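Presented sequentially are two complexes of chain A, the first with chain B as partner and the second with chain C.
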Partner chain A sequence: MQPASSRLIDALRAAAGADAVLWRAGELFVYECDALTHHTGRPAAVVLPRTADEVAACVAACAREGVPFVPRGAGTGLSGGAIAFGGAVVIECARMNRILEIDPVDRVAVVQPGVVNADLSRAAAPFDLHFAPDPSSQQACTLGGNVAENSGGPHTLEYGSTTAHVLAVELVLASGERVRLGSRAGGEPGYDLTGAVVGSEGTFGVVTEVTVRLTPVPEAVETLLAIFPDVVSACHGVGAVIRAGLVPAALEIVDRRTIAAVEASVYAAGLPLDAGAVLIAELDGPAVALPRQVERVRTLCGANGATRVEVARDAAERQRFWRARKGAFGAMGRLAPDLYVHDAVVPRSKLPEVLEAVCAIGDRHGLTLSNVFHAGDGNLHPNISFDRRDEDELRRVLAAGSEILELCVRAGGVISGEHGIGAEKQDFMPLLFTPDDLDAMRRLRAVFDPERRSNPGKIFPTTRFCVESNPKARGYERVSFDP
Partner chain B sequence: MSQGPSAPGTLEATRILTKSLDCVHCGLCLPVCPTYRETGREMSSPRGRVYLARGVAEGSIAFDDVVADEMGLCLGCRACETACPSGVQFGALLDEMRAEVERRGLRGGLAKRIETLALRGIVPHPARLRALVSLLGLAQRLGLDRPLLRLAPAALRERAALLPRVPSKADRAPLPALVPAVGDKRGRVGFFVGCIMPELFGDVSHATVRVLARNGFDVVVAPGQGCCGALHAHAGDSERANELARRNVTAFDAAGVDMVVVDSAGCGAALRDAGRWLPGTGERLAATVRDVSELLDAAGLRSPPGRIDARVCYDDPCHLVHGQGVYEAPRRLLEQIVGVRLVSHEDPTACCGAAGIYNLTHPAMSSAVLGHKMRALAAVDPDVIASGNPGCIMQLRAGVARFGLRAQVVHPVELLDRAYGGPSRAPDAPYL
Partner chain C sequence: MLAPTGPEALAEVVRELGARGEAALVRGAGTELPQGNLPRSVAAVLSTKALTGIDVLDADEGVAHVAAGTPVAALREQARSEGLEVPLDPPSPASTLGGALAAAALGPRSLGFGRVREQVLGLEVVLGSGERTRCGGRVVKNVTGYDLAKLYVGSLGTLCVIEHVWLRLRPLPEETRVVAARVSGGEEAPAAALAAARLAGVRAAALIDSSLTAELGGGLPEPSRDGHLLIVEMASDAPVVAQSAAALARRHGGVTVPAGAIDAVAALEGAADDARHRAALRFRVTARPSRLVAAYAVLRAAGALVVTHPGLGLLCARFTCAVDEGAKHVDDAFATAQAAARAGEGSAVLAAAPDFARAGRDVFGTPPASVALMRRLAAELDPKSVLNPGVFVGGI
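Coming up: the complex of A and B.
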């Protein structure tokens, strides 16, 4: 961490108001990590603007002082995307939480970036609309963060991830200039620059306004709970449902260890503790179409080893299932102080063998590994419980993590489904991309931020740094930025 | 960095560290935290406060004003515990941190002076409290309170607006030592009286005892009991909290009752924590503690004969819903009163900003938090707001006045008592 100059603090105060700037050591300490706690980076200052004008003024102040900055939402990210490297200023968007407009005819909402994902769906509910991407952290995470990471969620299977729902953005570039990309009508001609911003992890600037698509709330929903003896047979069940031509809204697998943790928590939903794994299958659409689909899923799960299939009795029970599913990450805190939530994608057909291999990797390293994931998308979340104070355990966690990523890439997959690359996976980018690929990405980034002052040190591999060679992986000790 | 008796590695630091390790940093607590909602600042969120606690326990940051102020700014509503999948015992951690703040002498100023006077000089001494309340009542009856207050500084005036009307002499009359059950006896319960309740809400205490008796419970008012110690524990005065818990354990041990019934949510939550101070005896007492709504709901309410035509909005006291996990019971009871239509507002389980004496020590934040609550209540415009905690009742009454609502603010048990006909005038049962 580099102490902020008093000139920078004064400039930020002038930009956003005195009560909007944090600079004392204890205040900055809590911003050193997001929900992936073993990567850290302490900011030089934190500023909490309320409007796009204030953001632009803050970014301009950073530009004048030659200081980098990092946009941040609720700090629920799982790839260290919102932590500050190189004495960056955190631009915290939590106070930019106004829903500016909901238009049920255009079926769009215009929001500030700090609006909480679930709050938007609540506000759209009177119009029978909702915002479809529903990450597990949706009660807390912000739409700005969803845009930065191209967040997914269980219902991505039917509705697509955030990028499918963003129509336009307003962005403050590192120069302080404000630009608008996309249109609320959707489908802007020319290059899809809005699409490029979604998933850019804050490296293009600070998103200050988002126009999103709203989706009608389906007429009917049925949620099934299929109980399998183990995770692998549940994966076979998933394959069978998809092969049969069904389009479920969500297909989620929760394993035994996760069930035990969730059932011990305030989110207990009565999931069976004796199950090897449960498959949560959700079907939605016109009420008349659902009974037949429910029967088909039931039959297909039974044929693939499900010992029992239950259907949620009512909306309340369905909500309990989802709350349990979405509380799973936090519930793992019951096992150990830290959790490394991995995120990788493999082709669905490969799920059974990959899952088996993932569990073997965890066992080989003597780690507590659990699986709760978006099976329908082939989006794995192997979760490793650990204590970051135990250096040997952390070293094994990181080693297992890298083996898991290599395994997924070998299976034809990719190294992130929805959490982003951030500070976590930048050194795995060469697994997927050639130096030329990465160079092309750097040039795209340079169009928006030629000086690399917006969220530096993320996404691109660091040359002088290797995760395995530095088990502590303390981000703020890093010296190199994007080469 | 101030190195007090509890530097990293000491017993206190270890206790704080152990509790902080339960947090896996998921962030699900953020949206339910009143001070995070108000400020958007990480260190004013539960996750941030736990991180600060871990930071000082591990010695990564100094135990300084930033840490002390954040522990003070927390309302202690424990809504984060209801949201926490990992089971962080935030309330207990907060109390530990506040005790540490006190040990290090990091708090001063007006807030601290008000608190010390109230918690050490008045609350634990029934006679002083009674005298003071009588004096206030006299001033109110003579109409002297308003003119006197006009002379006071603005900050004090606003705080004094929270004071309720002192109940009548009859309502402040001591409770009988035993009120026998009416009809078939369903149990013998001890009634926890508390310190503020009999003085400022004596009418509620009497109503609770009547409703319990009408539901078949012998009600014993055990001698020797006193203040629950909640305010002391939350202010970091663990020594006094411990003393007060011991006094209550002894009093109820001797009373020979099946359950200890409480009509003040804050007191109930504190008594349920007695095991923290007194392992064994405290845990035994804690296991018998029931909120009055919980006990009646579990036993099955005897249908009240009366009718109350009103739209009633139930507002959850934090230390009932978050501190004791009681959500459905009071709603189910109110629904059984003929004529009552229960309406819900946007966020009934959010704090109202009373938080013990927080409204006195942190008036600005308290007022902002109350603002959200009152706007939500105004949107449904109820006839009656029901909430089972004295602090919440006072705060909501102040809010109703300030925001121009027409609702009456009562304890749920008062509605039940009214539906049963209130105090009886029958000569053979003068009390009922």
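Coming up: the complex of A and C.
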């Protein structure tokens, strides 16, 4: 990577202040990747603006210098969406972390993009409201990142992904122009451009303000923990609950290998180590509705092989059940230095056969593969624990990943449910989309960013790779932009 | 009229029109045709009526794959036999699925169902430029590629012709009950209605001005002296319905009425072919929930007949309009609707009106600043303006 030109650094300093620009190698090193650690790309510089005006000035400076840019939130993304390719400038939104307004009557919040997901729910709690999308990284990930990735989470099953909760955005286009899309009251005439921006993975510009819907905190919550002899029977339990017309807030499965990792870690939840899988089912809503729903879920789990079903007696026990789920990724650190968290969706009725096939792929490649996933909406997360310093293992990890995605597509599914395509899956897009389908997406991108300067090198397939020789990174670095 | 019988034939028709430099008016059942601006010159009507059929109704998954010309009512019937319901509420029972999506048609039950955009999992479309493309898919959670479906829903047939839809279905509720109540409180009535709309299990809530209640048919209580009837549909588990019905009885003396009452509310907005409606200007004004009362007051002061959907932040306002009243009357009504929208911090659209009232004006009012992006989008996907030219915002 060429060092950034001093003209670019000066221009960014003029745009956002001298204390807002990072450009020394040591400072840039930490921005080389996001949570998809085996893909890397070093930015030319990192700039931390405080206001939308400063973002616009930074983007304009990049435009003048002919340099691309990458919006970045907390860097918790799992598809490499926040990695800088081609000497891009990272526009890091961490300093834009103010909640501008919470309106309890309208049930709306207006926030800057750097606000942390969980902080918004904490701020809304005095009004009995919360921000419903709850990614596993919610203690760190930001609203701007949630908008970019259309993030989900366990409670997406009942409440929908981020897109269902975004009413309006302010966006700085690659030209430096600021636009407001959508409206707080809803129903603004015109195309739903806000709907297109959510999930566009930072390729349309930098989101500088978000207006979101807040959801009432449910009156009552019941959480069940069902122990199954194996993951396939747990999947059958999930299918039975869905088919029965129940709409739980969350239906999460944790498999045997994950249970072992969790129980050996600080997240230990007291799960039986001989369980083949556990299903966490959460029901919420009016208190009068829940007792019967709890009994129905309990019965359906039993009928599908659950050996034991516990209902959380209090909030502490509920948190203990959830520790098994939410602590899973942290606990995986015990298994190997690196973790590849896959993300794909299949029709829920296909879960049992797909899960079996996913495990067989892991075994065939001699990999440590575990599953912890949003079973209720068919959203798989096969996790492969590995050591990227072992080149052969990395190759097997990537080969298994390809096979898993192909398997899910064959089952009628898609290659991402909540992590995005980013730099990770762009070459798998042709599994699902024809050249004409992809061209329609390119034409949409051209509406917002005709020169492809906002987060280039993501989403769209490109076949030109090279493996970086740097032994410290030893990941993939893409060398070309979109065709 | 062109009525292609399959997706490839549809694409062929669109390409042919483009090659000839001609345009078409895209039509499903025609129930939403009074919407939008009057089209610029079109050579043909392109109907989706021959594109029908429910290819997949997967009850285990709760999804359906349906051809766009299929009437929503037909899908609803088949879904019901599997214990599922179609979470769409277009104003006319005749509406096609494609038409309901293109118009992003709302009804009273959209409160419980959610916005049309949330129900669409995937679309297969023919772009104005002639290519057959798809976006989304059959699964209920998906971030694979740009969410183009959001743009096609509510595009009023510009950009593309919807050909097939992957639609989310939902379980039928255990119990459905409709309650009507007289709501006092004068101009504050929308605030009381908002509180009712936010009760658990409420799927629809509408506040009806007294002058409109006669159109709802029999079996309903008389409106309150200061002029409002609140109609609420609950659809949920039986204990939830009972609890919310009890709350409505306590607060407003609500009584259970025939289930058809909420359909009658929907019909107040629909029935575009009805002579009574042809002589009306119908506006849709949106407002922030906290500003409903203010927006409502503006409309009432000008003599509009209003159905308020508080949970949707939507006021449907009707002004009578005979042909001989002319453009001045239309201008005045439009100005009132826009003043109400300003009071509500929302927007106003002339949602349906006779042709003379739509001629020479943008029924969407002054376009938002983002219209430049919208024009670019239309230019990318329908560069020759083959589909519904002129009907959309800013004359797109």
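Criterion: the second predicted complex is superposed on the first by the 466 of 483 C-alpha atoms of A that agree within 3 Å, B and C clash if a C-alpha of one lies under 4 Å from a C-alpha of the other, contacts with A are read in each partner's own complex, and residues count from 1 in each chain.
Criterion: contacts are C-beta pairs under 8 Å (C-beta built on N, C-alpha and C of every residue); 3 or more make two chains touch, one makes a residue touch a chain.
It should be emphasised that the depicted structure is a prediction, and the values quoted were computed from it without experimental measurement.
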Q: Assess the superposed three-chain arrangement around chain A: do chain B and chain C clash, or do they fit?
A: fit
Q) Of the two partner chains, chain B (first) and chain C (second), which one does A:126 touch, if any: first, second, both, or neither? A) neither
Q: Look at A:266 in the shared chain and tell me whether it touches chain B only, chain C only, both, or neither; answer first, second, both or neither.
A: first
Q: For A:337, select first, second, both or neither according to whether it touches chain B, chain C, the two together, or no partner.
A: first
Q. Of the partners chain B and chain C, which touch A:66 in the superposed model: first, second, both, neither?
A. neither
(Q) Going by the contact rule set out at the top, does A:192 touch chain B (first), chain C (second), both, or neither? (A) second
Q. Once the two structures are placed together by chain A, how many degrees is the angle at chain A between chain B and chain C, based on Cα centres and rounded to a multiple of 10?
A. 130
Q: For A:163, select first, second, both or neither according to whether it touches chain B, chain C, the two together, or no partner.
A: second
Q | Most chain A residues touched (candidates chain B, chain C) | A | C
Q. Once superposed, minimum distance in angstrom between C-alpha atoms of chain B and those of chain C?
A. 21
(Q) Which stretch or stretches of chain C touch chain A in the complex? (A) 58-63, 83, 114, 117-118, 127, 131-135, 137-148, 150-151, 153-155, 159, 170-172, 198, 200-201, 236-237, 239-240, 242-243, 284, 286-291, 312-314, 344-347, 349, 364-365, 367-371, 373-374, 376-377, 380-381, 392-394
Q. For the complex, which residues does chain B have touching chain A?
A. 21-31, 36, 39-43, 47-48, 51-52, 55, 60-62, 64, 66-67, 70, 81-88
Q) Which of the residues in chain A come into contact with chain B in the complex? A) 22, 24-27, 29-31, 33-35, 37, 46, 48, 74-76, 92, 94-95, 97, 114, 116, 118-119, 137, 139-141, 262, 264-267, 327-334, 337-339, 387
Q. Touching chain C in the complex: which residues of chain A?
A. 103, 105-108, 149-150, 152, 156, 160-161, 163-164, 179-181, 183-196, 198-200, 216, 219, 239, 242-243, 245-247, 285-286, 288-289, 292-293, 345-349, 374, 377-379, 412-421, 429, 432-434, 436-441, 443-448, 459
